[in-house]
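Next come two complexes built around subunit A: one with subunit B, the other with subunit C.
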Partner chain A sequence: MSTQPTPFDSTLQALGLLLPSVVVLGAFLYYPGLETFRLSLYRTLFLGQQTAWVGAENFVQLLTSTAYHHSFAISVLFAAIVVTGTLLLSIAVGYLLFTVSVGSSAYLIAAIWPYALPPAVAAILLNFILHPNLGVFTHYLEAVTPFTLDWFNSGPQAFTVVAVVAIWKQLGYNIIFVVAAFNTIPKTLTERATLDGVGHLRRLRSVYLPLMAPTLVFLTVMNTIYAFFSTFPIVDLLTSGGPGDATNLLIFKLYRDAFEFNSLGLASAESVILFALVAVLMYVQIRVSEGYAQYGA
Partner chain B sequence: MGRDTMATDTAQSSTRTTHRDILPENALMHLGLFGAIALMAAPLVLAVLMSTQTTAEVYQPTTIGPGSNALQNYQAALTTYNFGTYLLNSLVMSIAVVIGKVTLSLLAALALVYYELPYERAIFMFVLLTLLLPVPVRIVPLFQLMADLGWTNTLLAITGPYIASATAVFLFRQHFRSIPDSLVETAHVDGVGPFRFLVSVLIPMSRSMIAGVCVITFIYSWNQFLWPLIAVTDKPSQVAQVGIRYIQGAAQAGLTQWGVIMAAAVLALLPPLAVLLVFHRSLRETIAIQQS
Partner chain C sequence: MSTITLTDLTKHYDSIAAVDGIDLDVLDEEFLVVVGPSGCGKSTTLRLIAGLEDATAGTIRIGGTDVTDSPPEDRDIAMVFQNYALYPHMTAAENMTFGMQSVTDYSSAEIEDRVADAAATLGITELLDRTPDALSGGERQRVAIGRALVREPSVFLLDEPLSNLDAKLRVHMRAELSKLHRELDTTTVYVTHDQTEAMTLGDRVAVLNDGTVQQVAPPQQLYDFPANQFVAGFIGEPAMNLVPVRVRDRPRGLVADHEGFAHPLPDGGSNSALVDRRLTFGVRPEDVLLAGRSATGHEESFEARVTVREPLGEQLLLHCTIGDDELQVKVQPRRDVSTGDTIRLCFDQQRLHLFDPETGDAIYHAASEDQPAKPTPSQ
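Moving on to the complex of A and B:
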């Protein structure tokens, strides 16, 4: 399909150039990836010194464990909240940036900087600002509303705080894509909509968002993967999974089962389930973007 | 389908909106944008302010202004709580990953695009499918592998698993394919070898893309938390992000020294933020290509 001239024809040389990448990917991605599947069929005994073949027992244990059910359910809910919250806010900010074109370069940087925000830093900053006793935000919130912020003891509040931090950190990445998508919208469309006096919400819903659908699907997939895989530092530094099990997301439970309780086989089974999840999400992303490429929406 | 609705809507074209209507509305949008940006920046601004306060001032939530303890807080973070060491470790790790990943990926993309290669598609798929294997999917065996290799607590453990990448190979491959054939043919006629070709033709033509990959990789490596937490148990070899976890625990004796913790958090944020501010254009251009 490519008509690119291929100036070099030594296959051996080509393999030599590929070798470093292939070795690293093989040794540190494929090998441990496959090992995860093997380990998931074993049970570790004596703090990992010995292993015994148990077949599907780890999976059976997970499927029948109420703790795992709970962790799975709250992770799905968490992902739904993070994905929706992040997308809505990014679309709002992206639309404002797109409409207000004056001086938007400075605005743009001010809107995308959380891309560089380390999740651990995001967690520790809000841990302090929303602190039940010392937090600045807590102080003013409790001064002007009857609401009491007590997420050290309230499960739903802890869950909300973790979600807020996760959304905050993910906004920069999303705004970069949303702004890029807005910028590909033909100027004539915007001019006509403006002249016709089509309201902002209507313009977004029936003109812009349908045109941005491929980007929105892509971001939904990436944000879901983020919510399941990259939120460990946020839970770890804010709630350690608590109070109770209120914020014990799958990724946090996996870490604990593996490295605190040394249940390496069980943790590997949890990894296998996470693999299935990422595989399904990637498949959806590929199918959907292929669909758009073919039918040109 | 969106277009159809649009077409019928615009049929009754009339100029209802005049300039006088647009101006105040525009001001409102500026206000909304300013509010959103202020809200996003507020925690950071507060953290910077709090990092200058004494513990007594911090324990007064109404004291928001800058305090008098900035020097002492940052000094305590850097020396007493070893943040100087952690920051240096993060810097070494991130630069090593950037150099390793960019080098390896440039070589792989060169082979994929400019060589007649049997099973080229299969090799590319082999690289691309690693996207299905984020760290949590292989964390237990990877940890054991590091122990078997004797890499635990070393720089190798926190750089090795990161230096090959599907994303970087994909981006460079896309970019190389967009380079005009005529340039490649000129190089071919001149009988230039592959390394000369890479250094004197491909790299100069891919500057912005390489800068973008460097920025993405630097920020990504710097922000790693879970894997360094597991692979490094020896505190002096730890990176800054996990250092935040240590300082949170250590500064909690008696009154929590939030001023010092905030100083550490600000320090752990500055390098990736600085890189983003300087290279935001390359970053945005490169990141947007990943969607395809």
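Moving on to the complex of A and C:
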């Protein structure tokens, strides 16, 4: 047993070094988080200037609201589409990037570039491309196919557009990890598969994906968090939750309830439910995947 | 019939020639070992045969068929990798069958039979349900070999298969491989940097350097009659002593003249082409003998000073200086010789070599190749 050198002289010094992080985390993460839990049990007026204890009334109101049920359902569907769509596409693109022998870094940069855009810029950019009247994509789609793109008025189309943009935005992040995971696969395993004459699809399914499982679990969790929490700007800039309630995802609805309808207490309750939902999903994902993912060795 | 014929095989990486025009014939059922220092092109040659690399020029024939442009799976070969290349998420049995299911039309019963046979041959039957992380290095290597066996290929290719094993296990697996080859008689190409493996396993050994074949010969012939200075220095541990000499014509025959000794060259009398040339004189450490006291004054013995004494247990290795050159000498382990002593040495008459210092080619061996060198007389 070797003794580790201590990087600090005294406990006091250690606490001093920790203090900045603790202050920042406390002020901007734990305090607001706890405040949200507290507020979810109150009714508020004037941006929370006046509060009145209502107990579980906010939660009861949410659980009996059809609008909230709808929002909850489309959010779960949206997350399922975004998580699987992003994973499947990034595996497909990542495998092509891994297999290509010429100019792979140029392709890689092209593939991950959307991730470098701020979500708001990405949303505006795709708004131009997919705009029902002005969009380049829309123009050719309508010229070539009988299909009409009218997502300003069609709920399902709006939902699809938001999901496509959300997947597009998150692809780069996934591709970075997927390509990195492909590259950690020992070269001799690829060579052995080549010698055995194992085809590309079977090689991907039976050799590569099982070896990449830890990365795929990580990406599933990250994509879930992304789909529930980080898609606000896309909804806000593309559809504002509409048409009707078609794209009124939980994260967008709670923002509107808080800052447009001034129901901070109700929005806090929504926030708490969303937090619990994602926490449970992550727990399930990690537990389920434990049986499949090969860590180490 | 599974011969392998390489003709003018060349592989360039950018401007660097990793394999530079190799001509090599592997006979049917032969165990050919390819040996050489790091970067000599031996692994590249094996990968070219396997089809993992594309040849820049030249042809590869397996069993008479030109396979130079065939994909690996059409070459009827099986390869064993240095790091075993086992899929970590599959059991040993799955690892052995995975390749077969993808290309062949074997029934699963037949595959199972073959796995059972291979496992019995290698003594890994009880390990078949384990994943690689539950296997030791030697067991993993057995599974990797078993994987090659179940395919019943016409050619086995082994790329340094024992390098990742510890010394004791390596000796054990070496013997197993030898036994296995005797049972199966499959044409085998075995790449290694370890000359002990080369000498012990090979029916013949091909020595490679700088992407070219230096010599292909049975192990003992390679040792006794190195074709050039590289082979002489590479095969044998410690390496053959190489010192500059000048050949002189003396009344009793040709003599290799060094500032520390002047030694007659047996049967060299007829070879007038050697006279007066500056050549490299080669003699293996075990062919330098301690001259007995009675030999003092004998014209063929000479004096040398011991500078380093290395007891190896079964032998004693002495580093001696003669003139400006160093000579390594293997003597019996319990000889009473210490550093700084002056000793008298002589050479085994039958085990002397001369090399051209410019080309490195061997131009004289004391023994003739039809009647191999006599056993070294005990010291």
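To be clear about the criterion, the second predicted complex is superposed on the first by the 269 of 297 C-alpha atoms of A that agree within 3 Å, B and C clash if a C-alpha of one lies under 4 Å from a C-alpha of the other, contacts with A are read in each partner's own complex, and residues count from 1 in each chain.
The rule is simple: a contact is a pair of C-beta atoms (placed from the backbone, for glycine too) under 8 Å apart; a residue touches a chain by one contact, two chains touch by 3 or more.
Note that the structure is predicted; figures quoted are calculated from it, not measured.
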With the two complexes superposed on chain A, say which partner A:A267 touches: subunit B (first), subunit C (second), both, or neither.
first
Using the superposition on chain A described above, determine whether A:E57 touches subunit B (first), subunit C (second), both, or neither.
neither
Contacts for A:G199 in the overlay, against subunit B (first) and subunit C (second): which applies, first, second, both or neither?
second
Applying the touch criterion given at the start, work out whether A:D245 contacts subunit B, subunit C, both or neither, answering first, second, both or neither.
neither
After the superposition on A, what does A:D150 contact: first (subunit B), second (subunit C), both or neither?
neither
Applying the document's definition of touch, where does A:L39 land relative to subunit B and subunit C: first, second, both, or neither?
first
Subunit C versus subunit B, contacts on subunit A by residue:
B
Note: overlapping subunit A surface for subunit B and subunit C spans 189, 192-198, 206-207, 210-211
Touching subunit A in the complex, subunit B uses residues 1-3, 5-6, 9-10, 12-17, 26, 29-30, 32-33, 36-37, 40-41, 43-44, 46-47, 50, 58-59, 61-62, 64, 104-105, 107-108, 110-118, 123, 126-127, 130-145, 160-161, 163-164, 166, 169, 177, 181, 184-185, 187-188, 194, 197, 219, 222-223, 225-226, 230, 241-242, 244-245, 248, 258, 261-262, 265, 268-269, 272-273, 275-277, 280, 283-284, 287-288, 291-292
Seen from subunit C, its contact residues with subunit A in the complex are 50-52, 71-74, 77-79, 81, 83, 85, 87-89, 98-100, 102-103, 131-133
Subunit A residues touching subunit B in their complex are 2-11, 13-15, 17-18, 20-22, 24-25, 27-33, 35-36, 39, 89, 92-93, 96-97, 99-100, 107-122, 124-129, 134-136, 138-139, 168, 171, 173, 176-177, 180, 189, 192-198, 206-207, 209-211, 214-215, 218, 225, 229, 232-233, 236-237, 251, 254-255, 258-259, 264, 267-268, 271-272, 274-275, 278-279, 282, 289
For subunit A, which residues are in contact with subunit C within the complex?
186, 188-189, 191-199, 202, 206-207, 210-211, 294, 296-297
